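By written order: A, B, C, D and E. Residues from 1 in each chain.
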Amino acid sequence: MFKITPMTATVIKNLFTRKSTRPYPHVVREPFELARGELYIDINDCIFCSICERKCPSQCISVDKKKGLWTCDPFACVYCGICMGVCPTRCLHHKKTWRPVATEREMISMQGTPPKAKKKSSAGKEPEGM
Amino acid sequence: MSKTIIPFGPQHPVLPEPIHLSLTLEDEIVVEALPALGYVHRGLEKLCEIRDINQMIQVVERVCGICSKIHAQCFCLGLEKMMNVEPPPRAEYLRVVWSELHRIHSHLLWLGLFADSFGFEALFYQLWKIRERVMDINEATAGNRVIISVNVLGGVRRDLSAEQVRWITSQLNMVEQELKDLQSTILDDYTIRSRTVGKGILTREKAYELGAVGPTLRGSGVAQDCRQLGSSALKHLEFQPVVEQDGDSFARNKVRFLETLQSISLVRQALKGLPKGEIKTKFKGSPEGEAVSRVEQPRGELFYYFKANGTKNLERLRIRTPTFANIPPLAAMLPGIELADVPVIVLSIDPCISCTER
Amino acid sequence: MDEKTYSENSADKPVEQPKAVLETRQIQAGSLKGEILLLKDQGYRFVTITCVDLDQESVDLIYTFDRGLEMVHLRIRQPKAESAPSVSDILFAAFLVENEIQDQFGICFDGLVLDFQNRLYLEEEVARTPFCRYNVTRNSK
Amino acid sequence: MNTIQIIMALIAGLFLAPLAVGLITGLDRRITARLQSRLGPPILQPFYDIGKLLGKEAILTNQWMAFCSLAYLAGAVISVVLFFLQSDLLLIFFVQAIGSVFLVMGALSVPSPYSQAGANRELLQILAYEPLLILVIVGIFLSTGSFKIGAVYAMDQPLLFKMPLLFLVLGIALTIKLRKSPFDISGSHHAHQEVVRGVYTEYSGPYLGIVEIAHWFEIVLFLCLISLFWSTGVVGLVILLGVTYFAEILVDNTTSRMTWKWMIGSAWSMGLVFSLINLLWLYYG
Amino acid sequence: MFSKFLQKCRVKSPWVLHFDCGSCNGCDIETLAVLTPVYDVERFGIINMGNPKHADVLLVTGTVNHRNKKVLRNLYDQMPSPKAVIAIGACGLSGGVFREAFNVVGGVDKVIPVNVYVPGCPAKPEAIIDGVVRALELFQAGPEGV
């Protein structure tokens, strides 16, 4: 049958045991090994094949082969990891932590060297265009 | 007698989602309840024409964040049926593990919100605290907390290591223990019972006729659960649907609570029987023809219809979600109850509006 | 890479692709209600209606029923210019999906018990029968 | 009472008492959080909340609401001051009741349905606890022979021993007044409500701040009433208040919100039975 | 002195209003999760208010469609200033996967001004806390900052 307040035991137990609150942001928990966080690209390895652009479910990546420009709209990225899986050179990765919050709309665009016919030179990397 | 019309929603603290009900009241008694939808409608079925079938997995996952894995699974099952692709056994077991984990987190979420709907905050917080363990399992194994994106056509994307299997089992043991500590509160507490017993009664006949699904149907005494179809590895696992006879909010509450424990047992069984081998079948080609598929979501039966024409894009995708089916029973339950019971009864069908409107 | 499969390294054994067939029973719009009452007597319950755009003139309406996890599908071919019979008077549960089809395909249902007047989901500015690929005029009521 | 005593009482009633209640409320939120396995807000949180509300933009639906919130505040403040001046219990009771009614009138003056529903329920709450208060005051009269607060302090043993059941009755009234579960029907601090924030819905910005301060004064009054039950020693008084308040928090965390019918039914039946037994005992004992 | 105290109170007591503007629930439940014991944003004085008239910070999740953009606008107008708006998740920022769907406006900032964007799909609770903390920094900067 019913009881009056069976919750009492639980709340009293809570009072005398450790609280479960994680004191974020003062203490940041170690992220999980496989967590899918912010997307980034090793632009040096990118061959501008545009597979990521075509496979992205959110259509947030655009690749300009001529200029050697890889652009991603981080505000549309859904962090699914599809592009990472299909990249032939494995140059796309997810960081383990999430992308920081922003107050302005911004794009990630990375300038690499587009592959010359046959020959692939080492590409210069520019900082993220924040 | 004076009639007042109270808008329930679209923005309401009890309900995180925007459903709008116009409640016509006579002295705090509801005489009419009209649902108004459209606040979450995105029209994503239409997206199948511009996204290919692989991209659509990510889209249908986002029909509803709470049961995303199961949406993707239903989509994959249907297309695999159309294309005659058989996922490897390990993938089938892994699918069960993740879908049941999703069911656990969804039910815990719901039990918490339900407690919140009658103002039992301590219970709400306690259940969500337990739920965080399941979210951690999701994040550790699949890389994301809510939308875990593990399904692909022909299998799954992530594998579990032996160490992870042990860790999941130990975490689930804790979840089970903590839940059992709350059992007497959820099932026996006087204040909870007096708020839920006999509220929002749906008789067995009404539930069946109005097309109720999931715990709403099973709380009314009909033992129907799509998991009985034995899709994925469920055919190898021991499973009996949870049924309650009373058909009131309390019965639905009880069904969900017991199902949570049952899902823990299913995950355990699936992890124990996890076969070795591949996690994905490779295949070629595009689907053609028509098919339907259905699986059991935390909220009930999910139904997909596919029509394809041999290209990479589907011609028509239709998603009938469980809440869509549960709204007519809800509309039948509301008249005649008190205003104070409206949140309780609305929540008792576990409404998922983003599912409903897609 | 892009034309065939999604799989990451596409070394595959091609599988024959037969055309998937959904077993449906084609019936006439006039006999729809009778058939539904018959199914109802046999203990079937309503699952949903699916509307599929076929061409300029017509759509398919697929009525799905279920009994103990076993499904039956009825199919009628519905001309877009004509009103479809509403089954919401015998199956209350159908009112929502019929309103949805009204919104998305512009098909009118005669005798809907709860009619949202094409405004179930969509506001004025986008209410242009978005799911029709071939025809974008709405039947005015 | 001489002038210095009166000034002291005024300072205590007007400044110290609400400050103390602010701290108690902060402590309440902290303990509640711990019971829910959380860390909880800083102890000074209630003051921050009030400060922020006072600094917000004032959007008023009508002028009447501003007047009502001020009248509510005035009622609460005057009743507390009267208490500290050791005035007549009945007078205090009526001043407080009038103040509470103004809160409802303000909420009723707006056509918002949530505010209306909340106001209705607030009226029902007032209806539920005011009779209980009267019974308690009658009990005090029976045991001291006077409605004056001074008479209580003149007693040589705590009232609690004479009227333990009436103390429980006052506990019920306190739960209703604190808006704690199972009686958080017309509005609560945490807005998880079927009527959004009920009676508070339409008060906003600084006026909500005023209403909150008035509510603090009401809590002061109720805690003062409770303190009357142990008037003989400060230590006993503090312990009694602490235990009572902790019991309130515990009840809040272990019950769900009930409906107004249940509230009226249980508050009246329990309250009447308990007080009747206690009053008969006082009368014939 | 007094205005400094008010300033401090403003930072210490942000009451949030959460509005689901057509999200898939992913971000909603993460927004709710930040209120629960494990993240417990009441540490920062944050209370989830159901009432726009009492709220200081508006958390918006979801794609924004043609029907609820009016509700969103209305809620925003009902909030007394100073106020801040935080858009959460890929959908709230740009429409996410649904950008090309027909009933999607795409992004909260097409309807009301947004102060902080929290990316993610769904945004992690930690990221949402970051977002709120960032919005509080704007409060700190004074009413002009918001």
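We take it that a residue touches a chain if its C-beta (ideal position, glycine included) is under 8 Å from a C-beta of that chain, and two chains touch if they have at least 3 such contacts.
What you see is a predicted model; the values in this text were computed from it and never measured.
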Intersection of the contact lists for chain D and chain E: A, B
A-B or B-E - the one linked by more C-beta pairs in contact: B-E
Greatest separation from chain D - chain, by CA centre: C
Averaged-CA centre spacing for the pair chain D and chain B, given as whole angstrom: 43
Rounded Å distance, chain C centre to chain D centre (Cα mean): 59
Geometric centre distance via CA averages, chain C-chain B, whole Å: 23
Approximate Å spacing (C-alpha centroids) for the pair chain C, chain E: 38
Where chain E touches two or more other chains at once, by residue number: 37-38, 40, 43, 48-51, 67, 96-97, 100, 102-103, 121, 124
Multi-partner residues of chain C (at least 2 other chains): 6, 121-123, 130
Touching two or more other chains - residues of chain D: 33, 35-39, 190-193, 196, 253-255
For the chain B and chain E complex, residues of the former touching the latter: 10-14, 16-18, 38-44, 46-47, 50, 58-59, 62-66, 68, 109, 112, 124-126, 128-129, 131-132, 135, 144-147, 352, 354
Touching residues (chain side chain E, partner chain D) in the complex: 3, 5-6, 8-10, 12-13, 15, 37, 40, 42-45, 47-51, 53-54, 56, 80-82
Residues of chain B that touch chain D when the two form their complex: 4-7, 12-14, 28, 115-126, 129, 189, 191-192, 194-195, 338-343
List of chain B residues in touch with chain C within their complex: 34, 36-38, 41, 43, 45-46, 49, 54, 81-85, 152-154, 208-211, 224, 226, 228-229, 280, 282-292, 303, 305, 307-308, 310, 315-316, 318, 320, 324-325, 327-329, 332, 357
Complex interface listing, chain E residues touching chain C: 66-67, 102-103
